[in-house]
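Which chain is which? They are A, B, C and D, in the order written, and residues in each are numbered from 1.
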Amino acid sequence: MSIYIDSSSRVLIQGITGRDGSFHARQMREYGTNVVAGVTPGKGGQTFDGEVPIFDTVADAVAQTQANVSVIYVPPPFAADAMMEAAAAGIDLIVCITEGVPVLDMTRVYPYVREHGARLIGPNCPGLITPGESKVGIIPGRICAPGAVGVVSRSGTLTYEVVDQLTRAGIGQSTCVGIGGDPINGTSFIDVLEAFENDPKTKAIAMMGEIGGTDEQEAARFVHDRMKKPVVGFIAGQTAPPGRRMGHAGAIISGSAGTAAEKLEAFEKAGMGVARRPKDFVELLRARL
Amino acid sequence: MNIHEYQAKEILRREGVPIPPGEVATTPAQVEQIARRLGGMVVVKAQVHAGGRGKAGGVKLAKTPAEAAAVSKKILGMQIKGLAVEKVLVTAAADIETEAYVGIIIDRASKRAVFMVSPAGGIDIEEVAATDPDKIMRQPVDPRYGLQPFETMRMGFFLHRDIAKARAAARIMQQLYRAFIDSGASLAEINPLVTTPAGEVIAVDAKMVIDDNELDRRPDIAALRDESAEETSELQARRANLTFIKLEGDVGCIVNGAGLAMATMDLVKYYGGEPANFLDIGGSSSPEKVVNALRIITADQGVKAILFNIFGGITRTDDVANGIVTATRHNPLTVPLVIRLTGTNEDVALAILSEHGFAATRDMDEAVQRVVALAKGGAK
Amino acid sequence: MSIYIDSSSRVLIQGITGRDGSFHARQMREYGTNVVAGVTPGKGGQTFDGEVPIFDTVADAVAQTQANVSVIYVPPPFAADAMMEAAAAGIDLIVCITEGVPVLDMTRVYPYVREHGARLIGPNCPGLITPGESKVGIIPGRICAPGAVGVVSRSGTLTYEVVDQLTRAGIGQSTCVGIGGDPINGTSFIDVLEAFENDPKTKAIAMMGEIGGTDEQEAARFVHDRMKKPVVGFIAGQTAPPGRRMGHAGAIISGSAGTAAEKLEAFEKAGMGVARRPKDFVELLRARL
Amino acid sequence: MNIHEYQAKEILRREGVPIPPGEVATTPAQVEQIARRLGGMVVVKAQVHAGGRGKAGGVKLAKTPAEAAAVSKKILGMQIKGLAVEKVLVTAAADIETEAYVGIIIDRASKRAVFMVSPAGGIDIEEVAATDPDKIMRQPVDPRYGLQPFETMRMGFFLHRDIAKARAAARIMQQLYRAFIDSGASLAEINPLVTTPAGEVIAVDAKMVIDDNELDRRPDIAALRDESAEETSELQARRANLTFIKLEGDVGCIVNGAGLAMATMDLVKYYGGEPANFLDIGGSSSPEKVVNALRIITADQGVKAILFNIFGGITRTDDVANGIVTATRHNPLTVPLVIRLTGTNEDVALAILSEHGFAATRDMDEAVQRVVALAKGGAK
């Protein structure tokens, strides 16, 4: 078991013939991901690397290959449309790697995807990986190992750092999910925590948050109220200067300034393990497995 | 991206928002001419990307053109929160009866644009939120339906009992929302939205922040960027496609990825050091990016030691190694350098570095501890 | 019992100070409808006929009076906004009398009202009445009498004609609902039939359809598949010239030309009683009560 | 409201849809001039609010300006489905490689605008629907999100395998949708949407129907109404705020409410008569409306007897009675009249009528049976 993806996932790549799309298509296939189709409008009928059929539209690809997961590598101006196309075509899990999607686009994509019953991860995220089974996105496969720790994070390279340290310490992962750091994204910490709680293979969870917003505080409440499995949390940005991004209006709306101190306090209140340094995850998780 | 008050007002004026006449000036002589053209009392307002202009003395009333020139002499060249004032807006002074606040931002929690309005405008809205929360009304906008007339009327009545003023405010909210959407903004506010004794409703100050991700598809908005209003090193970084924020410490940090960059700064602090900056070289690496990053960091006289922390996923660590070699060949560093890199092509990278006399480690904690010691004048 | 409205309904009138609104507000109050509030922007704080408080917004009216039904008499350009305002304020039943609402407005109002959990009747409808309890809209109260026949109709005066004949023949009504004749309206025949089926007081149903669209055919299927109570149907427009309104593209989309013959055949197939003339309702219903 | 092909094309052209050049003419001389200006082959097309223009001979190709003038002589003044042709569109003939159909209508069932597209254009789309339904693709448009680029691309690929043509068709669909929404249309179609041997995608014919309820808020669209293209009695009725449709029978009907009006016509037929018209005087009554209704009905020489069927709800029956008295005072009827009225103020109404020598009944069936007998020449 694992969450969201496993060896049975049938993966479609939107933008498979682009620079990033083709590079990561190969990486995913090398890792063993079941890549069943690609989409590039105008290249329908061709194949990628002689093996993966390419379609003009996601609807065509789903009809022909029963793809149920789509990963998106298209430039920012087209990313919103790509996510909506995937949702409309009946894709269950949409993973948008694209960085730089306008936030106003996301205000429309988010409800659209939900209304179509799909789960969106990202945008501006590294994707996810179930070690040894399937990798969807750009997380380097070699730093991961199968195991019992669920990993969820708002950032990319910080996730790699932690996962790498876990793997080197002999602690494998059930699934690693990068939810992305944009103001509006499809999947929240709570969504992933709930999935890990229900996943028999996952025994403990590593969660990497950041300053800004209140997602981590809400996640901490969820951990406290609804979870039995242990969670260890980390917040990046304790030394970051305040108010550079959203200013104060954002803080008023969310009822919080989103500081690291506030988030760490929420973690402690919720009875979570608190990693002060990335390397602390190793011992804190080992003690909880 | 921040834009100036006068630019935000120009956008709102095009949408039909009533705004007192005004013009921008860069010299006291221009200020005097504009004040003469406007006639009557004027306000001279510093145009900088910083809040609290009023408290800092950047906003002054003047009764005559001569007085306007005189106050502008003090404002032009003034520093507000580290930014030099190079432009002022000279605008007709409004007769103020009431002051309200009207703003829109993107709310992460509800994933929508949300209006905030308050009859207690003019002052800091967060102060109102803290002391008198009932004086703020929030109205989320469903992105699928857009802002509805009844929603603006509810807000209008929250600001004004009088139907004519409520309608005028509602109309301005619709115009502000259109400006917000059409400009790709993440924040748009009018503070204060004023009523005059004559019963007019007008926008006396305006502020807009644009979502950087919108600029590629909105060249007209992108053209509003005022580079003279940006901090020099941050401007250089942006031009080199780096994300850089200057801080007060002495440990320069060059990292790939925002989360890891913040975690690195935190670790510097954890081990007793003070980061000099946030610098993210981003996902796709190139030697050139590294060269630019080093140039920006070394320009900061306060930096006493530099740390590279690179986790190679998409970033190729050999690109980074080559960048370090290139950058230091012609401009040898005058401060110590600590390199941590691991991941994609790390063996190649380590070979390149050791060939050119650079040591490197794979361990993040070890690297941070070392750079902190070096910044404090410890052993090289 | 009855459907949608009864003596406990707390009725709000949007546009209460307008020409039509004020006239029908008085008619409703005379009939005994519990009119608790009116809305006219700018007249908040005043009262209507010295007794009904007027508010600037529906939200204010609901907060102060707990109105749960709203009836709308505002000019067509403002009707869509009025319906959405009522839905957003938490009104359960919205009755829009206004005729001439642009159909593109209705494409947006319809999902909005549903998402807010409200029921919309109309627009361009005479409203509804539960004889002896509550009248919401413009159906003349004196032609109705309490009883066991549920009446549902797409048209106004034709409904009055039938109800009047029923009442004169001693056949009373549980509730009479005019759903309106516009291309897009909030409540369909099926919605009302289902409500009558579940209403203990209703023993038989009179249904008056018209040519155009396929609502009556779908209603007939519903009667056949899901209803135990007898339904008598009528179709107006057997002699109307074909194709004057929607042309043929509409017919292709709906899979039907929407003729009277087609609809009457569907009624017969569903085992419904078929009234060839309005007066036939009397005997057909008497036989089924 | 119907608008002409040339008007629909002008709306689409403003949205950016590629359309062959053309101009409207009302005389053969103008046609010749336009054809000369355009150069090359032209098509002369009757501008009437009726389908099947081609089959009726209202669309002709011409190789020279002289030929264009000659064919237009036949077309101008021609009757198509009872409507006189008073204008022709003269347009450059397109080189046609393929013909597709693209249309949008409001679908009652899904309560949305729905696109229908087919690579089998040019001919009657309902024929395609009947014989080859797989050649039609339907795409509903969610009114909350609007038409999405991926939806237009799917339709574009349904029409054309070639990416450039698919993109061009998709762009035209977006433009057609915008025209549909911005004009308040209930139908908008391009048939055929043509590809030329040069690879262009162009709209060769266009049709739009406007929702009458949109006209008040769109004066520019309302101004497109061509009253010369309407049936005279229907035009008079519309001006008098009556809904009127002329039929072939001999029993004139004046009723309040569309449903009751149709039911009345049906009852006329049920009792062996033939209705001469549909006429709805609407909800709010006034004596003037009744006067106008009677004037329109009596202008029809085929009418042998007239029936009033009024159920007074909002309609005051005394208003109707007064209207009947006023209308017949100066223009006595030459055909028999049967009056049925009941409801609001019926006692007053009956008193007014009997005072002026009119009989009236409260029973609908009795009234209809009587008027049918009268139309057949039965006893008065």
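To be clear about the criterion, contacts are C-beta pairs under 8 Å (C-beta built on N, C-alpha and C of every residue); 3 or more make two chains touch, one makes a residue touch a chain.
Computed from a predicted structure; not experimentally measured.
> Comparing C-D against B-C, which pair counts more contacting C-beta pairs?
Looking at contacts between chains, C-D has the larger number.
> Taking each chain's centre as the mean of its CA atoms, how far is chain B from chain C in angstrom?
Using C-alpha averages as centres, the distance is 55 Å.
> Based only on mean CA positions, could you tell me how far chain A sits from chain B in angstrom?
Whole-Å distance between the two chain centres: 28.
> If you average the CA atoms of chain A and of chain C, how far apart do the two points sit, in angstrom?
Centre-to-centre distance between chain A and chain C: 49 Å.
> Which chain B residues reach two or more other chains?
144-145
> Mark out which residues of chain C touch at least two other chains, giving numbers and ranges.
As it turns out, chain C has residues touching two or more other chains at 108.
> Examine which chains touch each other and state the graph shape they make (line, ring, star, complete, other).
Chain contacts: none of line, ring, star or complete; other.
> Which residues of chain D touch chain A once you look at their complex with the stated criterion?
Touch list, chain D to chain A: 145, 148-151, 153-154, 157, 161, 163, 166.
> Could you please specify the touching residues of chain C with respect to chain B in the complex?
41-42, 44, 56-60, 78, 81-82, 84-85, 88, 108, 112
> Residue numbers of chain B touching chain A in their complex, please.
By the definition above, chain B touches chain A via 51, 103, 105-109, 111-114, 116, 125-126, 129, 136, 138, 143-144, 181, 184, 186-187, 189, 209, 211, 213-214, 216-217, 245, 247, 255-260, 262-263, 265-270, 275, 278, 283, 311-315, 342-344, 364-365.
> Across the complex, what residues on chain D touch chain B?
Contact set of chain D toward chain B: 144-145.
> Give the list of chain A residues in touch with chain B in this complex.
Contacts found on chain A: 76-77, 99-104, 106-108, 110-111, 126, 138-140, 143, 153-161, 164, 181, 183-184, 208, 210-215, 234, 236-241, 244, 246-254, 260, 276-279.
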